[in-house]
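Heads up, the thing below is written out as structure tokens.
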Amino acid sequence: MIQETFKDKLVNFSFVFPAFLIFSIFYIYPFFYIFILSFQEYDLISSPVFVGLQNFREVLFSGTPWWDSMWWNSVRNGVFITFCALTFQNFLAFALALAVDRVVRLNRFYRVVFFLLPVLSEVIIGLLMKQLLAGEPIGRGVLNQIFNNIGLSGFTHNWLGTNSVLFVTALVHCWKGFGWAFIIFLAGLQSIPEQLYEAARIDGASAYQSFSKITIPLLMPVLTLIIVLTMLGTMQTFAMIFALTGGAGGLTEVPVMLIFNHIKSNQAGLACAEGVVLGIMLVFVSFLMFFVSKKIREKYGVLSN
Amino acid sequence: MSYQTKKFIVSIFLHTFLLSVALSCIFPFLWMVNVSFKTQEQFDTDYGLEVSRTINWESYKTVLIEGQFWRFFLNSVFYTFITVVAIVIISSLAAYGFSRLDFPGKKYIFYTFLAAMMIPLPAGFVPVYVLLNKLGMINRGGYILAMTNMGLSLSIYLLKTFFDQLPRDLEDAARIDGCNKLQIWWNVGLPLVSPALAVVIIFNALTVWNEFVFAALIFTDDKFMPLQVGLMQFSERMVTQHTLIMAALTIAAFPIILLYLKMQKQFVKGLTAGAVVG
Amino acid sequence: MKFLKLKSLVLLALFVASIPLVFMSLSGCTSKKSKQDKIIIWHWMTDRKDALDSLAEQYFTQTGVRVEFKLFFPPDVYASKVIAAGRAKNLPDIFGILGEKKTFASFIKAGHILNLTPYMTENLGAWQNRFYEPTLAVTTFKEKNNYSVPSGVYGVPVDTTMMQFVYNRDILTKAGLDPEAAPVTFEDFFSQAKKIKEILGIDAFVCGWGETWLLNALATEWAINLMGEEKFQRTINGEVAYTDQAWITVFSLFARLRDSGFLPTNIVTMTNKEAEDAFSKGKAAFSFNGSWSVNVYKQKNPDLNYSFFPIPKVSGIYPAKIWGGAGSSFMVNANTAYKDKAIAFLKWLTSKEQQQFLIRETNNFPSIKECEETLPPILKTLKPNLEVLTHPDVWDKNEDSRVLEVMNRGLQQILLGIKNPQDVAEEIQKVKERISKR
């Protein structure tokens, strides 16, 4: 590499500059604003009162024991839904992408259909699923009706009942969101050159071997991307859940819903503290993920950046 | 069992799996379109579960003309188009910069962008609104800038990941041919990441198309409002008119599906082009 | 490889240059304050758009002054919008505020809202005397209030809202009950509802308890009835604990409702809209809802045969109160250049003719007294409530939001059957003590 002069570096930076400018106005500046707010008691209109760490204490340690509080309860719910999304949703998406990559017939049909749900807004999916899952008079109980009609009345269930409401919410979230993971997986699969598989076949590799030695390693960057996106997307979701169940007495309350409610009840300081805490947790987990994926890639010896 | 029959059975199995998932995805959509073609009386008797025999465009007419959806629709097309173009240019420039070029503080700036995807800004609307107001930009310009920002982090991250995977040979060749950095980005970089660009375009088009909170926050005039705000107001006023709401929803959903259909081709094309080069 | 150097560079330059150009050409679209020749009003009442627009039209023909209503949805975003506009000093001439009285006070303290007392009291209080007292009380700050706001009237109510029980007369008849004899006590209500469930098999009572404020309103009404307003206030002041027997009794009422079997399954996921839909379609015999529901029921089912009744009493010792007051109000921007025009318009809006028009179009209970003879029969039955209205916004002190949050969630958890009243009371008390220590 030729040694670059200061002018060259300036030119290089100018590539990033437009993004950096917009980003400073709409992200960095508000970030400092909410960071300061999180140390205040403030309703965003009258004069703020500095309260030190009170908001953070309220968020982190208000329960007895400390993990038995609204905030940690919502984090637990969020983590549960994220876990379902990471496993079930991504596994489904990967299986579908593999299948669609193989089949010739109806290939385009599947690609379009699997992307229909991400197109619809979260609120609409929530409201629609409520009609299907909740019985009269809240919804129409269509799902249970179908089970009854086809003689599987054993499968009818109070889907939004105390025991299953969180799990059902997680499933609906996965169902709504798998389309994204699907198209990214598919893009990843199709970017693997066919020659590699052919070469492997000639060398006498079995289908399983070429899958585990070619497909999986080459998909590692895509997989990291999907895992991080799923985590961020799921931990910050709430519109669908809000439409489907509301908070249901805390049973389906997720962190962003709590933040939203606190903004609504004019406790902006508290809401900002919650935002900061959630942000720190997500940043920590995501960077850990990046680090792990880098180590794995280095170990496999593919695509060292 | 012969190879042929084995293949046949596998494909039956695959299609059953795919079709059953496809069915669950397509059902809400078909239901929505189906209801939009019904009259309210028909809907009240069958909840839209029977396929409508007659196609009734009345709901669409009402929504587009009386509900003024034609204007909301055009607004949304406008915002989505400008924002996506802006994001594609700005984020691909930045991603190329982060991936290939060197400047002081590069790592940290990139990490800041990454962190932005992760930290929610609950009261962030207040400083942004005040600042935009000071700049005299409580209007479409301010809205488009804010929307551009919303998609930047993820787009930069996505594109950088793709740039990182590309071999550098082509760029080196271009440099020897006498291209400057900007030309390399435009002529070599962008075509190579076009599959990722398809994802960026679809993702951001969807985000902007479905956005309503910031729009409702900053616009004071109905004539600037995008489709989703119109949709919210409309469904609040027409709460009992399910057929109208479904027609409005169908109108709101179709453009993105069309875009996706269109981008699908680009997607595949870009991928094959990339594979040939790689 | 071929490089179209010049062409691509020119294209690129045009592209990048076009972005700021587009932004520049777009700016200056908002109506500048100086050029404005009309009164701008912001509000969240999108459901009354047609009626308000037509009033604006009438006002223009009568006075030549243009008024424009800008209605925003959803209310949550509207609330943020007003806050942001306040911070940016960008508020319109007239606007509505959402939220507790504390928020209202903050807007006043920040200098955004005009004190209307001089206008209300001129001509021997001609304007002020038009209004029902409990309605106006919601937008009034008393002498030496706890919000440290100079006393005065700060908003003009256009309607009165009351939280009421309502029953479907046809369903009561079908179940062999007398539709003239609405339940008076909680026990009456409980046994009637149980009977309806047994005979007709339908859910007897629906309410949008997925939205916690409806739970809170009912719990407040029952608490005041059971322990009296004075003890209720002492709880808020921290002198009576939430673990007091009276409070546990109030919470236990919800546990009894849960165990009764006449509530819909998953009532904590029910929204107010869904409850209104169910009641108007005759899927439930009783409901608890605001007086705005008259309009909703009329739109959804014009033939619905229903009546309001006061809250089923849980004690004969203290009077039952009804949660209610100003439904929606208009505030005048303290910094507007059109102060007098804005006030003239609001005076016109709250005079008899316009209020009657609004009653006809939107079926809301009016904010002024003069319309009583022309009230539709169903609204007339609400009139006695005016004697017993109460609202957190007229109390000296309202409960802290953190405490309310825990209480509302606790009530939902009781309804779900995952907590008992005793535990919920203790939890609320714990938060109350933590908050008061600050």
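Note that the chains are named A, B and C in the order they appear, and that numbering of residues resets to 1 at the start of each chain.
Assume a residue touches a chain if its C-beta (ideal position, glycine included) is under 8 Å from a C-beta of that chain, and two chains touch if they have at least 3 such contacts.
If you're wondering where the values come from, they're calculated on a predicted model, not measured in any experiment.
Ranked by separation of Cα centres from subunit A, the top chain is C. Counting C-beta pairs in contact across A-B and across A-C gives the higher total for A-B. The mean-CA centres of subunit A and subunit C are about 35 angstrom from one another, to the nearest whole unit.
For the pair subunit A and subunit B, the distance between C-alpha centroids works out to 17 Å.
In subunit A, the residues touching two or more other chains are 44, 260, 263. Shared interface positions of subunit C, i.e. residues touching 2 or more other chains, are given as 80, 83, 87.
The residues of subunit B that reach two or more other chains are 89, 126, 145, listed in rising order. By the touch criterion given at the top, residues 1, 3-5, 8-9, 12, 15-16, 19, 22-24, 26-31, 40, 42, 46-47, 49, 70-74, 77-78, 80-81, 83-85, 87-90, 92, 273, 299-300 of subunit C touch subunit B in their complex. Of all the residues in subunit A, the ones that touch subunit C in their complex are 43-47, 51, 54, 58, 62, 64, 70, 130, 134-138, 158, 160-162, 165, 244-251, 260-261, 263-267. By the touch rule above, subunit B contacts subunit A in their complex via residues 11, 14-15, 17-18, 21-22, 24-26, 28-29, 31, 47, 49, 89-91, 93-94, 96-98, 101-104, 106, 109, 112-124, 126-128, 131, 145-146, 148-150, 152-154, 156-158, 161, 164-165, 181, 185, 195-196, 198-199, 202-203, 206, 210, 228, 249, 252-253, 256-257, 260-261, 264, 267-268, 271, 274-275, 278. Interface residues of subunit B facing subunit C in the complex, by the touch rule stated above, are 82, 85-86, 89, 125-126, 129-130, 133-134, 136-141, 144-145, 170, 173-174, 177, 179, 182-183, 186-187, 212-213, 216-218, 220-222, 224, 229, 232-233, 236-237, 239-240. If you check the complex, the residues on subunit A that touch subunit B are 4, 9-13, 15-16, 18-20, 22-23, 25-31, 33-34, 37, 44, 92, 95-96, 99-100, 102-103, 105-106, 108-121, 124-125, 128, 140, 142, 175, 179-180, 183-184, 187, 190-191, 193-194, 221, 225, 229, 232, 236, 256, 259-260, 262-263, 268, 271-272, 274-276, 278-280, 282-283, 286-287, 303, 305.
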